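Following this message is one structure expressed as structure tokens.
Chain lettering (A, B, C, D, E and F) follows the sequence in which the chains are written, and residue indices restart at 1 in each chain.
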């Protein structure tokens, strides 16, 4: 049987043994969402899952299958719900999935769970799902569970940003299908990137302070990329990935008092 | 960019183009559930997804990412909810996921969708999700959608069953982590099978006509396999897979008047 | 006051006394669904309720009023939702009814409850409702409840099938408004059957392996009967009823260690 | 086949024919609730169903099976939720049942539906269910439905009250398991009444202006009757029933422009 | 900082201190609903909040911000949902708000909570919300909470009614935007009343025993007032307010064994 | 009657007239949440409501009563759910309130609605509520509604930030119960501020990149303020308020083509 960190590739008895041996459990959360013409719809699922796999490799942890379908895309964050391909759940559906999956992990005996998010719009609904799961845990008199939660991009170091954005980092807000995600995809999944279709000369999105619903695509560049991915490279992707993985490993190790390999 | 049938590996514009060109959309439904010691937890997700990929290859169709986490395991069908590793959603969560994903596919313009199920317990909840999605479509005055639904194992021919079960086919009821699934896994994912851990000398499960809740594992063999997988082989898996794929291709082609390649 | 097994015909204090004396509680589940021209819409409610009454009579048990309105009819199981008269609840509504009613029975002190189903489409949703009720019971620190669940037709013996189907039993799949239900109705409720309206010369339904939604009546015989009821008789109904009642009595008696009268 | 007003006793084709011929559809709503020691738990289901049958007989209408399980009992209205036997649904479950059943009736083609309530606590939740059903009807562009709703006791004439309560009618508030319901049961279902167990010398309940939760039985007489049923008789029941039935017939006839027989 | 009874005007530490010192917590419930031309839409929120403030002043209690948006208006109770301005929540939304807010108060340590209602249609849904909150409290092993619930108008004494209605009190049923509410508004919020727009010569509403849905405005006077407010005065408002406040103070003091100031 | 912009202070006919005359409708969203010792629990409700009133005054708009109770506090945003006084709704409850209130406004005829948020954690749930309301509007064939949405603090100009934060603006992240909110409260509601209780010498909160649940108060300063309010003043509040109000007026005027007074 394949040596694996993926829960879905283990037998139940192998998974059970590792949990009993103290393995941490990582849950990637993504979505299916337009990422311009040069990146696939699965970016937000692929990246956190891959980051989790790297993290798990260094910590002897287990990675659950990602929750693939995520929360509604917002224009300012991912172009909005008017793109073909973007496939989103209602908010209540989403946090109930998070709640149910966490409830099951707790039934399995998992007491240290890390949720790694790769789709910004999921954030508040993941927190709602965790809150509901912990409420039920309390009803079930399970009081020793800890759930950690993070976005992988919050671990990119300033030095890396300075390298990746030589003209200055304009902030995370418009980094949808832009330099960071394109670089990470070139690093991890180069055969899923088509640089020839990258919308190089689109202007970055310029949003007002407010939002309008129905949102449409009024302020979103036609490609769906919120800012150009110029400067994206596999090497930049490697730098970013290293920051994310090593930062997450460090924080998990410290928080849960485990030693990375 | 990789040539692919997977929606999540296409850009939104490529997906949009194929839909507009009339591509059918396939949605695999599985779960994460114990499958004894020799098979991984992901069997019910892996098999329908792979079947969909084969079917899509012959029909120029698109395969959406599977809905990974499925409905509660029942003792008579998959060993029940008392196994570590089995990871299930509440019924309402599940059919809302199905509803939401279908609602999005319809927004994309998909009008011919095929749901391919690999976890028996999902069946009635998939039908509920489809019903809710079609109700909303009606509210939205979308009246030209057709959703096809099937279990891949219903396409195994009698001749194949006679070959695979030389002592006679005892019926589908106990085929959990047994001959059919083990053979298919040996055919499609041999490195995820560990035949050395196959529970060869367990007696098949013998259930009463009724069920008891809380269910526990009272009538379920310790491994979780409902009957021994003796006789499973990659070759048998190939026969079964061929039946499923060609049968599904034939029915889709006939139902939607498309020509297989 | 009438001597009765029906909970709704007892005063609260009589019901309370019997529960405290150890009476089992039976809950019939049915629906209102088309059963061709010769049988009434209430078949699926009438039969399990009557079976429960017979069973209760032999076990000193109590029969709660049936949950009358059931889950959506599926074409392959009961003709589907396109018949006038078929009256179904959404899946979530249904399992919440089951959950709520069971929660109340547990509050009453009932700890041994048997759910007897007469409408196939209810099955998975009853199990969901039981699961939700037991979860809440656990939150309430009620841990000594046992819920048994069954379909009454699973108790028909092979010898009876051989008598009732002299040309061979074609399987339960098409037994909707067909020989078994018609015979049972002739046995228990002859004045609700109109044999003159029985669709004798319709061919049995022939379904493909898949399903199509919106389902319509494409593969369903016009009457709504999935196969002809030729050979149905009150005498056959008596044989079937005897099997069901005595089988259920036997299993309940064994499972709950009670002695039938 | 029995000549009947009950929908569940008709075949689907007979029901369909009557609806197409313009038959009105009546839906009784009740509950299972303690009614002191002399009355059965099913009073609130039995009485509105019987009233509906009488009304239907005079109007050529159809009576659907009652929604048996109703809303939570409140101390001031029916003794509260602390009695064994009282079996109630959550509010949301209840109005969803009402919504779903009405949605089905509308699918059948019913456009004139009358909901007859026999359990006070159901009232607001029935109205919520009707509102939700009509909202969905609107989404479905069904705009010609009329739903009438009433409590049967609102049709008792002052002259009858003067006869039934020779010392003056103290008001409807404490008429739970008291004179009106006992009289009606003696009239319609005498073999379900045990006058020997009637709590004659209990004082009527005396409630404060407020309510306390958890409610308990603090202000409720031990039997569960909110005031003594002294003076109840079958003859009084006949007077009350005549008022209810003839009043409801009159109002339905006027509202829907149909002629009573 | 302002001396206040309003929770929202206290710092968290001040609120915490008062709760720990034994302060009771009052929760007003109202709605936004048409109240004819002479009264503002906020009457049902303003009056119970003001009554709570008066009560709190005498008992050293705390008043939470009112739940402003309430349950659907019914024609017989408040004119119905067809008026512009009436702003209502779905039943489930409403009782979930009540449940959630009570859950939070219990988390704060509040164990004696009084819900004061000013919109009749809220009543049953408030009780549902309280029931759900207490169920969750039980799951959380919180068993020492008491929730009191009342409508402020149930405390008006007969003597006051005799004064306010010199020609006899016709009952509370038509007191929507009529004498009692107009008087109370003139007493508490005179600058929100425009007597010149009072519909003096409308006949009171005359409703049949039944209701019709969709309800429309068929039996509701055009202004929305269910009966004329003739005779309303600030002085009458003072009498009514005194009754309500002193009655509620008396009952709370007795029920919770606290001494009014 | 008071001249007012508040919907709840208008009669239904006045509100109706203004809507028909083209008035915009503003909906403030806040919560009840700890704001350290020097600010009241109602800050997040008070500020957006007051901003709305100012905006409405300049645009002839109407202000609906705020949705007072908001979404769960998160440690990094408002100190988290472990403070006494913080009173939050479940996510689903919250977006259903938003949905229901917007549905009603649309029924009233409002077609241009602006939601002004004062509690960061509400943001994603408000967007969910708007999405659900617009979905229902679509079902109801209402297609001419526009909903604008904003946070009032996004309108503070850089020049103002430079004045208010002479040592440099550290970013909005820790501005909970800090300089901006304290200044605004001193400007608008000075008698609800107690500067003597301001936690001047607490260090600002220092959060890791991740979050931990159950969250507790591990990284939150004891007062609940995420950074010190040193430098807060009524004059700074005036500058901030002017920016917010004039910026919002400008954007609404441009978006909806109305002329400010």
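Heads up, the rule we're going with is that a contact is a pair of C-beta atoms (placed from the backbone, for glycine too) under 8 Å apart; a residue touches a chain by one contact, two chains touch by 3 or more.
What you see is a predicted model; the values in this text were computed from it and never measured.
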- Query: What chains touch chain A and also chain D?
  - Reply: B, C, E, F
- Trace the shortest sequence of touching chains from chain C to chain E and report its length in steps. 1
- Starting from the Cα centroid of chain D, hunt down the chain whose centroid lies farthest away. A
- In whole angstrom, the CA-centroid distance of chain B from chain C equals 29
- Message: Could you work out how far the Cα centre of chain D sits from that of chain F, in whole Å?
- Response: 47
- At which residue positions does chain C touch at least two other chains? 81, 90, 92, 139
- Those chain pairs meeting the touch criterion are A-B, A-C, A-E, A-F, B-C, B-D, B-F, C-D, C-E, D-E, D-F, E-F
- Query: Taking the complex as given, what residues does chain D use to touch chain C?
  - Reply: 1-2, 6-16, 19, 32, 34-42, 45-46, 64-69, 81, 83-90, 92-93, 96-97, 99-101, 104-105, 107-109, 191-194, 197, 224
- Item | Of chain A, residues touching chain E in the complex | 138-139
- Interfacial residue positions of chain E with respect to chain D in the complex: 71-72, 74, 81, 90-92, 95, 121, 123-125, 127-128, 130-132, 134, 146-150, 154-155, 208-214, 247, 251, 255
- Note on the structure: Per the touch rule, the chain D residues reaching chain B in their complex are 136, 139-140
